[in-house]
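Naming follows writing order (A, B, C and D), and every chain is counted from residue 1.
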Amino acid sequence: MNEVKVGIIGASGYTGQELVRLLLQHPHAEINAVTSQSYTGKKFSEVFPSFTGALDLNFASNDRLAGIADECDLLFFALPHMLAAEAVDDTLLDKTKVIDLSADFRLKDPSQYDTWYQATHPRPAMLNKAVYGLPEWRRTEIASARLVANPGCYATCTILSLLPLTGAQLLHEPLIVDAKSGVSGAGRAADIATAFSECNESLKAYKVASHRHTPEIEQELSSFASTPLRLTFTPHLVPMNRGILVTAYCELDKSVALEDVFHIYDQKYANEPFVKVLPSATPETRWVKGSNSCQIGLTVDERTRRLIVVGVIDNLIKGASGQAVQNMNIMFGLPETTGLAQLAVLP
Amino acid sequence: MNEVKVGIIGASGYTGQELVRLLLQHPHAEINAVTSQSYTGKKFSEVFPSFTGALDLNFASNDRLAGIADECDLLFFALPHMLAAEAVDDTLLDKTKVIDLSADFRLKDPSQYDTWYQATHPRPAMLNKAVYGLPEWRRTEIASARLVANPGCYATCTILSLLPLTGAQLLHEPLIVDAKSGVSGAGRAADIATAFSECNESLKAYKVASHRHTPEIEQELSSFASTPLRLTFTPHLVPMNRGILVTAYCELDKSVALEDVFHIYDQKYANEPFVKVLPSATPETRWVKGSNSCQIGLTVDERTRRLIVVGVIDNLIKGASGQAVQNMNIMFGLPETTGLAQLAVLP
Amino acid sequence: MNEVKVGIIGASGYTGQELVRLLLQHPHAEINAVTSQSYTGKKFSEVFPSFTGALDLNFASNDRLAGIADECDLLFFALPHMLAAEAVDDTLLDKTKVIDLSADFRLKDPSQYDTWYQATHPRPAMLNKAVYGLPEWRRTEIASARLVANPGCYATCTILSLLPLTGAQLLHEPLIVDAKSGVSGAGRAADIATAFSECNESLKAYKVASHRHTPEIEQELSSFASTPLRLTFTPHLVPMNRGILVTAYCELDKSVALEDVFHIYDQKYANEPFVKVLPSATPETRWVKGSNSCQIGLTVDERTRRLIVVGVIDNLIKGASGQAVQNMNIMFGLPETTGLAQLAVLP
Amino acid sequence: MNEVKVGIIGASGYTGQELVRLLLQHPHAEINAVTSQSYTGKKFSEVFPSFTGALDLNFASNDRLAGIADECDLLFFALPHMLAAEAVDDTLLDKTKVIDLSADFRLKDPSQYDTWYQATHPRPAMLNKAVYGLPEWRRTEIASARLVANPGCYATCTILSLLPLTGAQLLHEPLIVDAKSGVSGAGRAADIATAFSECNESLKAYKVASHRHTPEIEQELSSFASTPLRLTFTPHLVPMNRGILVTAYCELDKSVALEDVFHIYDQKYANEPFVKVLPSATPETRWVKGSNSCQIGLTVDERTRRLIVVGVIDNLIKGASGQAVQNMNIMFGLPETTGLAQLAVLP
């Protein structure tokens, strides 16, 4: 089998580094280029010594994009929001496939970027060419896409946790999603808000009812439910490096029992390699840390007739770079689990 | 002013230790006895070297309770559930006042102990003699009580965060409380579930829809709302020592604006020394760590017309031992903030 | 007793915040001014919400120094290195006493600043007017000083751990000090090196054999030993907020037993309120977290005839702001423990 | 190539779990049995849900050892000390090869077990049949061994960090090793000493000058130096899950420069797949977390003519289970890196 030649545009953030790590261990990928504005010209393994002996590339400048595209079958973009939107056009897509890890191609309605990102999307016409890259729900579209919008970390966990309910017409408002993330979700940056002594031994809610993953969650839930759905979404910052846990609350129709709900989830996910519905446990983030898995637990509060779905992922893997590699496998006809068989690393 | 002579029955857990710490720094308290079954006869400061030079007492056996009661004006009980229920009777209360930090006297309806604690309460007649010791809401009753049931940590934070809504008839179902606690809330014990490497770098929900603080929260909300209220309560374990953060979700009547809600909370709490309603921030647990404060932040999700209340406390102080000292101050006619002026210790 | 009117020049770092916290709880101090360049004009308690309701001051600009000095009996400087050296001259000291928490007045030999700080000291003549503010060893000088150089955090812990040996002529080379600090020791700054996800779950040595606290340690050890002493000093960064632990290694003369060493330490420190020599335990940093204490443990490795001294402090209290308040108490004739009786907060 | 059929005797501790994880991802190993006393009969993946879908075995009882040995080419023992010493005899070794992760076969001199383990070794005659399994130094012996004693975690890191000096006769007393470990090194157990709230936000030295890895370090250093060597060894417990960092101090002969030392290390390790000598950085534990690597940094303190070697490993991988798999590869003629190519997982 031929190697997939890849470039990673923006390889110095956490999702970029994680792509490098996963792709170096992928049997059919070959990293041709890594870029970074801040580290241009520096050796990757000197900037990130955990890669000593594993990668012998220097960071290229982001300005070399066109040249890199010529040499690659696939580019991963891991840039701040609205930079990929500028860079990815039909000319680029003629040369190479693209998986974008930012939000730039996730929303179908361009006006949502004005509302949630305070930015006018520079290429709204591209939005309909992009496929929302959640393999468990859009596998076929991904297979034939040239541009995949890799979902947000919170969005991945929330959507995987709730979408099976649509099949049984059980997903309806009110919908409340209380989400918690480790600090790496905030990206790799010199920022007082994510300084060790400011985050450690503390917990906070942030962007209450205003987090940018809200519209992509609503877009996908509404699309599969075939009806507009709104939710209240509250993210929290947890003093740990990795992991997302989503606690989702849905009102349940009277006649539905826990075993019915479990059956619905099991039917959907039983053959999915990366989603496990736990029959009798509530998942912990450490059970998926370092792996591309999503684990889901289900509880019915009989007193209030409410379903509580708890979903966990590793925000940097299934919530970002692992899912991107999963999308790559699909786009290039590789077995979907190729290079992604890592088990959770615990403790 | 005379000293209040106190004994701490069960002083080797985290709430017991914290009582000792706070009472040693209290200008009108004198610790006469500390007990522990596991450490009987040992010097307190050798078991807990942070107290070196500060306390010159040995642990007495719990069996010495009657004798200790004779010498004390007040006993704090910090024992596992159902031990205080056995020990506290009218005879004891004739000798000494009691503040119990367990759940044994919190619920008015004895059948709730069967339901939630899988235990038959041994002295149901005492339940109506006990006052639920949440000073901001039951100050007068506490002042004249001989037996105070110190509220649970989650319950304190949840009730303080929601009760002001009752004054304006704004508290009604559906009610969802998503709560998060540091690990010290699980107590001081050799337990694999709270071992460092099992909790650190992980997050989990636990006792989903079945946590024992649920009935005391419902009891107090229902009491002040003058109507039965049920809620879904989901606790989570966060890898940090101290802190509780409660995110509570309530449907909001159409006409109510955020400023109305803020006004309601401000009216209730403006003069409370230990509750602060933040005008423009969402509280973080570190802002109250080491203090007896509760901080509350309010957000209205205009898209879904839902109120999101975020409350934080230090689970060992306002959620346990600090509140117990606050209750002591009230019961003995001391200014309520005596010995409790500590500001949060951060980072 | 009159209040000591104080100003805190540079109150937005961790040592500045900690000074504010301790001084607000000090019965004889009154905070007249807090300054900050980045937050000038902002309300202190809005920048640091843990002080809500406790301090009603806005940050002044550092440029207001002269005016602030007029209104204060004492200024604490908590600025980056070489800023106090510029600002503190005889004119200022005529108006007010000064305790400087930076390194600017700690070293007697101006050339050491060139060597270790890569900076020429702007006022070398002031160095001999300053007293090295380690109360347990320079109490009398501090009492009459107008300018006190508050020791470095590592230096405090190392010097307290080793100096008693000088009395018995037991301190001699080779001397190795392996030190470990929590992350707050690096200060409050937006810096990728102290970002949560870069420090958490990791440990590193840094500035190996080149840390700037080395010369002040050598200065004090040499001064009391009356002979030049050099040591190898290796600091490490530990994923916790607070705490310093120093492990010091000294060769031991053949005839000296552990009990002899213990006796030497005990004689020196038995009456010190803030230094405890543990008779039978090795101290942990949590035993002093939140307090102004230093705890010391002693071990003799009989196999190699080597003494191992383990000392712990809270780097922000005994290692910085608490010690500064201790110095203030001495300088103003207050009992040395005033405002510093806090016991360790654990867990 | 045939599969190596393995059994893991004691698979419920952290090293046992980690063996399972690594061997499941090993292309030429097949796990035939996992044992545990506490979980006998339970499904492995129900006890450890991170293995859901990955391993379909139940825990067998340790009593089934003989039967398991019949079916396996190799047994890994990961039991508490002195249990493998009882179980492993010539009869067993006739059936199967053994890699023991405890200390039971590491020391050549049986009397050392009395001194350091307070236990009389039950089969002293086996000690000389065992090979100390540090591949970088005893590769040939390991290849032909039937019984390999997998080194201790601290010992691995210390010996790898110091042994190259023996080649140039530069290793001599005084030798001081200040070592630091994450909490998983203490094993998986319900123990108050490793409870989250007792370890988190704290640092301590423990077993000062009395840790059991001391004699195996001295045995190996002395063996390669061809002269008896003693060291002072002080371990510390760091609030993180994984990682060991060793800071070793050696007096340096006058004429030796840093580049000489670097050359010595580089010559020894340049072709080692799992040991990297960093040319210009001091290693951090996160750079090897999740990998089988050891990274080493070198500094010369010119002021005191002392060499400071900093070495890091992941205590559960290169310090235990990864090294055991490396030994397995050698014992069965597989390429030494088989199944061990994982890069560090960070953050």
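Criterion: a residue touches a chain if its C-beta (ideal position, glycine included) is under 8 Å from a C-beta of that chain, and two chains touch if they have at least 3 such contacts.
Only a predicted model underlies this, so the values are computations on that prediction, with no experimental measurement involved.
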Longest centre-to-centre distance from chain A, chain (CA-based): C
Chain pair, A-D or A-B, that carries the greater number of C-beta contacts: A-B
Averaged-CA centre spacing for the pair chain D and chain A, given as whole angstrom: 36
Chain A-chain C separation of Cα centroids, rounded to whole Å: 46
For chain A paired with chain B, centre-to-centre distance based on mean C-alpha positions, whole Å: 39
Contacts with 2+ other chains: residues of chain D: 14, 182, 184, 197-198, 200-201, 239-242, 283-284, 286, 346-347
Arrangement of touching chains [line / ring / star / complete / other]: complete
Contacting residues of chain A [partner chain D, same complex]: 14, 17, 21, 24-25, 49-54, 184, 201, 241-242, 276, 278, 281, 283-284, 286-288, 290-291, 295, 341-347
Footprint of chain B on chain A - complex, ascending: 173-174, 176, 178, 180, 182, 197-198, 200-206, 208-209, 230-232, 234, 236, 238-243, 245, 247, 249, 251, 282-286, 289, 297, 299-304, 306, 308, 310, 312, 346-347
Chain A - residues contacting chain C, complex: 14, 182-184, 188-192, 194-201, 239-241
